[in-house]
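In order of appearance the chains are A, B, C and D, and numbering begins at 1 in each one.
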Amino acid sequence: MTRFLDPAEAAAELVPAGSCVAVGGMHTTSAPMALVRELVRQEIRIGRLVTSPSTSIQADLLIGAGLVDELVAPYVGFEDLGLAPCFRRAVEQGTVRLLESDEGGLTHALYAGSAGIPFVPLPPGIEHSDIPASCPELYQQVDDPFTKERRWAVRALRPDVALIACAEADGEGNVAFGRPPFTDRVMALAARRLVVQVERLVSSEAIAEREPGTTLPAFLVSAVVVAPGGCLPTAAAGFYPRDEAALRDYLEAARS
Amino acid sequence: MSAWSRTELMAVVMARAFRDREVVVMGAVPALPLAACRLAKALHAPGLSYLVGGSGTVDPKPAALPSQSCDPELTGGPCTLPLHEVVLLEGRGDALDVFCAGGLQIDANGNCNLVCVGDHARPKLRGPGSVGLPFLSAVKRVVIYTMAHNPRTFVERVDFVSGAGDRAELVVTPLATMDFDGSHRMRLASVHPGVTAQEVVEATGFELAMPPSVPETPEPSREELETLRALDPEGLLRR
Amino acid sequence: MTRFLDPAEAAAELVPAGSCVAVGGMHTTSAPMALVRELVRQEIRIGRLVTSPSTSIQADLLIGAGLVDELVAPYVGFEDLGLAPCFRRAVEQGTVRLLESDEGGLTHALYAGSAGIPFVPLPPGIEHSDIPASCPELYQQVDDPFTKERRWAVRALRPDVALIACAEADGEGNVAFGRPPFTDRVMALAARRLVVQVERLVSSEAIAEREPGTTLPAFLVSAVVVAPGGCLPTAAAGFYPRDEAALRDYLEAARS
Amino acid sequence: MSAWSRTELMAVVMARAFRDREVVVMGAVPALPLAACRLAKALHAPGLSYLVGGSGTVDPKPAALPSQSCDPELTGGPCTLPLHEVVLLEGRGDALDVFCAGGLQIDANGNCNLVCVGDHARPKLRGPGSVGLPFLSAVKRVVIYTMAHNPRTFVERVDFVSGAGDRAELVVTPLATMDFDGSHRMRLASVHPGVTAQEVVEATGFELAMPPSVPETPEPSREELETLRALDPEGLLRR
């Protein structure tokens, strides 16, 4: 049964200290900032933070607060607005343990986690990059039993909890994405628990009218957090654009 | 019509490199490759498709060039793929033709580095990370572009290979265009109007292969520039 | 560039004799029957037929016509209407080479094919079934490089061409599913070529208004075949239900 | 209200076995388990969820019981998952609680066979195939149901293991309910009203474990039957 919580309750009750936390949203879009801010406010330590293939303030803020022990994030930055100041400083000073990864590896690792698959071999090409050899915890070589070729493989990721931001939920806890899914669906399916921040509550009929494959059933949703404007300063497609001034202010403030 | 900017010339050069029916994929900060794709599609490559990696949007036609890859203006495009499926297609190897890429460092063999400057374990500068750059080896050809043509960016050997240069065919900067010689070493292909070969050599941190003579990059035609500016009413490429 | 063809042209030009053909639709819903009937009419031999996890007349008709050399299909049947007569006869008499498979193995094999992944380890449980050991061509054991445990893995499937049925296409070749996707998206992405049968043509604006993740871009679509009613006697969600009388007639006629 | 049918009793027995907050998954020909899930949810398990495997629909509330799993009436449910994602969740192991399954053959240990009767290489009867039955080992518990309680279906050992019986807890047929003893051998648990234990033993192709005494399956209560019939206005379970 899906619970309906405010951001503070969701953070306190569903994000145990030291756990593996996945945070969705791509670049400066659809980040569950209402939940992220509560993790910061309550100073909840994160054993391992897993992000989307490209993440920005949703990771940088947690890193800057000193809450992240280990990080799996193929890209942390603010795209046109600049580098991620806290991420950059923490990696340069060695205060966060970064597991080097790539978009394909991360995505397939979450796919594996969602499906009970222990690891996934990667498509050819990855062997020309320095990534897999630099992170044996996530990448190992395996012999293809069909062709006998040696391939790089990525280990499954199963976050203890995933935090994602969607458009709408109904009173039962069924959720409508209402936006490009990026990799947030597989992140949601890979996690042991799922907290979904939404812009608004709607009727069950409104969720049922959405196209198949664009919703999530209540039985997968541990908690819904209704937080209008809760993605700001990142964008929520269909609701508001990113707040560029606020993002620039953050970058300025986080510089030191 | 005012004189073209260096960035506009870069868009024109990239557009000329795209062929009809190719599928082009781009990543973060897509304004320049997006402008180039739309220009190519308008002029000589009507069957071109382009995919904005971050958002998964295919063939978007925003009213103005976007500053970011997940701009809500983009995701109104005719079709938005889940990024998860973009990742599948990037690995498939025969779905995407051209990858537009860049790096903190780009080396003499076209390898790109978005990870770090200096030692990986204790970097002098940490970059954002490699994202999809390992897929550079899975497409047919790679177009590298950067606004930073200087010896810190163009180095003999990257400090970390995010994506390999083996498929790199063209490098476009504000100073010049480069291709690769028979041993896949970066070679000066043309200098932009007003730039000398010597300036390019000095801005490059490794020894560029040199052709017998260095042509000048053809200026944007009137048609190219008019078409491009209609795609960029806010003049993002003229800033 | 997507071509617009009639069913006969699509079959003749895009389904080479002897190739690996994937046919979508689940049970008695959303089968691309207009295309399947053309394969039968033109007697196009199929080297390997790959189906959805559950298939019915879209496979049985091809098998009954003697066109299928090798078959990968975890379930061929007519659900409440009965067993698949041609499939049953062909397997019992040994006139089709059936590669035993399961829903999970098939789906992950298509995922692998769509992503350039050579093989995928399967979740625990499959080792208790007789399936993997009975089909070494699709299933082999592999050592997990992370845990050293021995696991069953499935080999990637990359059909030469996939035939699926969707609701709509625009004049460019962009396609809207307009129905539950089942496993047809990953089947479409795994194939080297994709032929999509649709009920009708619509404007590009109509496709653009569909939710993200429910459409396919033209660059993936080799050909669109406009065939109103083309799923019959199977159903097309939103257009018509299955024709039970016609399905029963087929079962009766195919019995011998 | 007329007397209940054997199939209605089966639905009631299955419903009683489902617990609040469980997630139940079913496959082809879902009318009976779907009726059972809706009945349980209406009476004692308001937090139950049920997933129709073929279509991917969660908690559908069709006006009448569907004869097939991909019935368009079903996919109007509050949420339809892509079948691909159902496959992911089936493998995940902690997402789904109960799998409702059956078979051409069901053996003394609860193994199910949808593949063949006789030798696999040259079967006497070829069944439809295993579909998702290997996932029986990935859920918490399995409820087996079949309309065919006879010695051809209930065999000592299946000719092919589609899905293993290790998680099987309950078997429901038109004659009886069965559970499993300490060595996981199928055991008679109750006989339906009007059926004798001897009839069940004779209809079973292996030696059923027997409890000290065999109770009668409690009849559907008035509430159970009224609720069930409201879900089945066309009387599919009475045919």
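Just so it is clear, contacts are C-beta pairs under 8 Å (C-beta built on N, C-alpha and C of every residue); 3 or more make two chains touch, one makes a residue touch a chain.
What you see is a predicted model, and the numbers here were worked out from it, not measured in a lab.
Using the touch definition from the top, list the chains contacting both chain C and chain D.
Both chain C and chain D are touched by A, going by the contact rule given at the top.
From the C-alpha centre of chain A to that of chain C, how far is it in Å?
That pair's centroid distance is 33 Å.
On a C-alpha centroid basis, what's the spacing between chain B and chain C, in Å?
So the centroids are 38 Å from each other.
Using CA atom averages as chain centres, what separation in Å is found between chain B and chain D?
Going by mean C-alpha positions, chain B sits 58 Å from chain D.
At least two other chains touched by the same residue of chain C: list those residues.
104, 108, 111, 115-117, 122-124, 179-181, 185-186, 212-213
On chain D, where are the residues touching two or more other chains?
56, 75, 80, 82, 87, 91-93, 138
Once you've mapped the touching chain pairs, tell me: line, ring, star, complete or other?
Graph shape, chains as nodes and touching pairs as edges: none of the named types, so other.
For each chain, which other chains does it touch, given as pairs?
A-B, A-C, A-D, B-C, C-D
With touch defined as at the start, can you tell me which chain B residues reach chain C in the complex?
Those residues of chain B that touch chain C are 21, 23, 47, 49, 51, 56, 58-59, 75-82, 85, 87-89, 91-95, 138.
Can you list the chain D residues touching chain C in their complex?
Listed in rising order, the residues of chain D that touch chain C are 28-29, 54-57, 67-70, 72, 75, 80, 82-84, 87, 90-93, 114-115, 120, 122-138, 160-164, 166.
Which residues of chain C touch chain B in the complex?
1, 111, 113-117, 170, 172, 174, 185-186, 189, 192, 204, 207-208, 212-213, 215-220
Please output the residues of chain A touching chain B within their complex, sorted ascending.
Against chain B, the touching part of chain A is residues 26-30, 52-54, 73-77, 79-80, 83-84, 87-88, 91-92, 94, 100-105, 107-108, 111, 122-126, 128-131, 134, 179-183, 185-186, 235, 237-238, 241-242.
Using the touch rule from the top, collect the residues of chain C that touch chain A in their complex.
104, 108, 111, 115-124, 140-147, 149, 151, 153, 155, 177-181, 210-214
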